[in-house]
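Alright, structures below, take your time with them.
Presented sequentially are two complexes of chain A, the first with chain B as partner and the second with chain C.
Let's look at the complex of A and B:
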């Protein structure tokens, strides 16, 4: 695995180089289309502008993708994060909507604790299915992906629960020192996870489990416990993301909240250079990936791309990013192979580096 | 152990196959003999009409109100209702319709989960001489003799009513009026039709111009996210037309955050008239809502009686719908059902 990096030239070969180039290109394209895209002004004591919107809206995705990175590092995958988002948002909003005074800080804190607890439980459920019972992660989390959305609709009774609570709103749209509160929370959680995984042996142990669970167990790592832990962390991150998404619109929609966010999160992780085969993870890359995806979405609206072609536009950008991220594709491009061969997909690259 | 297991499985399979076959046979027998009344027959003898109704599910407040309306109207009309919730699955709905056929109900009504794949089961109902009424959503069967009528909203009309109100509202405008549009889910019938109806209506005044139009997926989060960028890209927005209340409600937040006053700085028109939307209208944050009513129960029961009596009915019946201004919303809000 470590040969992967040493094979490549230093700067352009860095796994973040190309995603960052595309990110800058996207912002540049927006600026060409509308020069005021970059402008950030001060409005009501906080920053206001498209770039600030991108930061705020990418916060939940950053969180979900963060948890997803750890799960993917163990060679697993968590498809249930979207449903966990919906459940945690629904539980929090339901509790707040039942309060006599929705603005009371105590009520909101209780609601958050309750919903966070539910999210942790869902994480334990996923982790138990994968680590203890030994079901394949994609199947184990698929169960909660389907059931969780049903659970969220059960909690909301199929209705959209509207809350009118200023403390809760703050999580989604509030500001701290001029910046969106949500992005500060997301970065704080990222920092915490980074310190816990990279300043201790935890990160390496997670990667060891992903590399070869049995070998790591024989080497003295409690592989099951680590696997269970990453699913709990993933659900916890999704739970907080659920607060942000529902607080953003002050309402919980069991049907739509967090729909397909698991796919965006997986994409963010992959764009960030983490292999789906497990054994490695890059938190910085994941954040760049999440920012790239949100910038792409915002660009579609800011540049008035026709809704009928918007999905195609996104797909093309994503394919380009994935292709130039693939070392095999770049190597082939450099060699300018004479024989026309089909482009190498990221999937092939991942197969190539399956560890152990 | 292994052997027993295999046997059990095979046994189960045989049983299932037999069951399927038997079901098929019963179906055939029904169609051959037409009015042959078996053991399950009830209803038509003692004068009460039996209606089998298969609902899509309970995915939204709109749908729940639709269900309640059908149930209440049936009770009021003295029609015996056999209600089935398909939980968004076509196979459940087909199963329910087959059950209704076997129970020999007098009329079958259902809101199709999806548009296609109904020909076989509708043919079975036709062979069993049970009239079918579609509610709320249409099917794409080429053979229109498979159902008697389709009752539901006219999405084009909803868009047109919204546009006509705007034309009237802005008839004094001398300069250009900039409109932004929040479309529903790309490709969905309500999104396509509402967009079409609105565009047709505002063509009456060349000053009215749609400067931006994007999909907000019918959700609050989508509406908000798109509106945020609309506000930044277009310094002068006079009117917002949202294809449903929820996107409009999401956009409200974006408008407020941009330091503008919804309902005053920006005229807001939406469609649906769900409770939260009506509240916003009554509060003066929205300016106009074209109703998309789920309360089609009473009209449905009229149709049920007519088709049961063998009277001819129009093949397309529109739900009775209205529009709301701020004043009308204040008056209607206390008795609003959904």
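Let's look at the complex of A and C:
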């Protein structure tokens, strides 16, 4: 018992312990509600099942949250990702819908390239407002959050553009080597961002800027370029997420595509252990956070929770996760529990939180 | 000296922070109707004494009596309620509220439970009129100059029935006219019987207004004198201290001969370099292998000079020449390109990134210069970091610890290591030994001598005159944001002559260079 107690803080103090516990609990609750929840079937060489669906549906959120992690690490925030999703989806769908043969691979690739380019431009816009002009990130990206919806409406001329293109649909619902195509794309982008930040010095430089901007400037870091870059990466991720979301339903709705995804993404980042104040960021944590949020969303539908209370339910779970994660709250809980804590506990916990 | 009783007496106050004895048995007394200047260099314990007095810190030993009764405040609110008000250097009011709201915040006049705005405006206007300040109290505080804001802060402090008013460097951001106005108000309040504790770094102001002076040094009381009995030179001497400390003496002359280095090739030359509102134009040449010391009291413009050389601030006049080529250094990147390095005096806010590890902090400048696409290979990192951890004996010797967990001295060494691995040709050190223990201090001083021997030029800034004299080949003296003179550190230069130059503005030493 004593060894268990002394080891426990090392495990429970880990950043991802509580998010993972809640994730497991959610899956358990789903399984109790519907025992088939855990089953995964192989049909025509493709995997099917609720868990696979969750993976597939979480792909866009993972992408958006990845970009958001980098922005938040610099001490900023990007509220415009939902609008970028809508614009990029709208541009891609519009181009495809104008093609004589919507199934032509060339046409789809051109559409994707075009829409991706637009997303990059929107990222440059955000980055310029924040890094060059010096507007506070929350205001700067709020501009595009609002204007981007208008832009998407303009592109779609207020209509919902439906496309009938198999190659495009594949991005949302297709399969590759048995797995949903979307999750493979999300994994690939995750890998790319991980390599980009951790195999080069980009990650450390981002963390230096977010941790202490003035000290970084005096150490010769070109903070402006870095800041601009993270907003471009964020918009690029949102652009790809836009393809997935519109391909899922084979249509682009300037109003609804990617609505509120920025909030889910910010939550995923925070649940993953990255501080909104900037500094250290944890891509692995972000992915766990995104999976948790998507599982929650899916559970709400699967358990047919009344849509009127669904959002409230989601909010309660998120609050619980955030509270449990907060060291101050945990410390208070421990004191309440009134069990004598071994004196080594705080030290060990601190050690655990020090990123290796 | 006087038949009056002091309104405030602090006896044998001691305050210990982990590893530092910030106050060691300090006595202090304050009489009603006097302006009492509390003097001392950085780290002497002035702020700590004030914070103990106002209850921000508790004491480890000693007593505070107010009007003969022993008090022990648990916070500034309690101190204010008992009649001890403080106005800080940075105006701690709210610029986005009106003047009247600022004066009465937290104690708004009320009628029937709601704020009586008319009474508030009337009383605010009356209050400011008492100190001869006639402004529209409904305007936002932020729309007025800093001087006016400072006076509003004083008006607020006095209105809460203050008997003791503490002014902590109230004049550091004011211009001459504004200072005069502030001093006039202080005289008026003094004549009303308020006891004023005045902290400033400007000697002229001390001699312009203070009745008595208390000097602290290294957390100890040096003494208390009536202003008339303490000439400027004696004051500077008492603030800086003359006794040789326990440091092993490091003989700069053992390295390069001052005249030999001055005859060598100049590395950096500033001609009429200056920045409005920061430091008056100055000219200074630093040669290869030369250590140039910057002496002067706090706030005299030492740091500002350093920041211009490094491009941390942009000069708006004058010319900088590096290696014989005229250049403009717009930003730190440009300075680093020309092999100039700068260790800021504010390690935490302008030096290190606390969250990052020792390793990351050490390689940050080198990495920034290479660009993020070319990471410093891990093996090279290990090699560099390990070598400098050993060379500077950084403790704990764990490169993967967040740097904020290290002590001040070790943090300073990490910052030094960051710049040394970039192999600079000019190293600017702003107070590199402040707040660190004597062992680390000696190590850093030795290192400076060694680096200069190896041909590096060093601009060395320190409040400790002994240290500047020990290391420098030449000493540039700053006073009131001007470089008043430059003295060659030959056998005839001693602390007295430098202090004289600081106190007199360099007039005995010839024209400013």
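Throughout what follows, the second predicted complex is superposed on the first by the 327 of 356 C-alpha atoms of A that agree within 3 Å, B and C clash if a C-alpha of one lies under 4 Å from a C-alpha of the other, contacts with A are read in each partner's own complex, and residues count from 1 in each chain.
The definition used in the following text is that a contact is a pair of C-beta atoms (placed from the backbone, for glycine too) under 8 Å apart; a residue touches a chain by one contact, two chains touch by 3 or more.
Source: prediction; values computed, not measured.
Touch criterion not met for A:12: it reaches neither chain B nor chain C.
Of the two partner chains placed by superposition, A:136 touches none, neither chain B nor chain C. Contacts of A:164 after superposition: neither chain B nor chain C is touched. Between chain B and chain C, B contacts the larger number of chain A residues. Listing the residues of chain B that touch chain A in their complex gives 58-61, 63-64, 183, 186-187, 212-215, 217, 219-222, 224-226, 228-230, 232-233, 246, 249-250, 253, 257-259, 276. Those residues of chain C that touch chain A in the shared complex are 310, 312, 331-333, 336, 342, 344, 349-356, 360, 364-365, 367-370, 372-376, 400-402, 418. Taken in their complex, chain A has these residues touching chain C: 199-202, 204-205, 207-208, 211-212, 214-222, 226, 279-280, 354, 356. The part of chain A that touches chain B in the complex is made up of residues 34, 36-37, 43-44, 48-50, 53, 57, 153, 158-160, 162, 173, 245, 248-251, 253, 255-257, 297-298, 300-302, 304, 307-308, 310-311.
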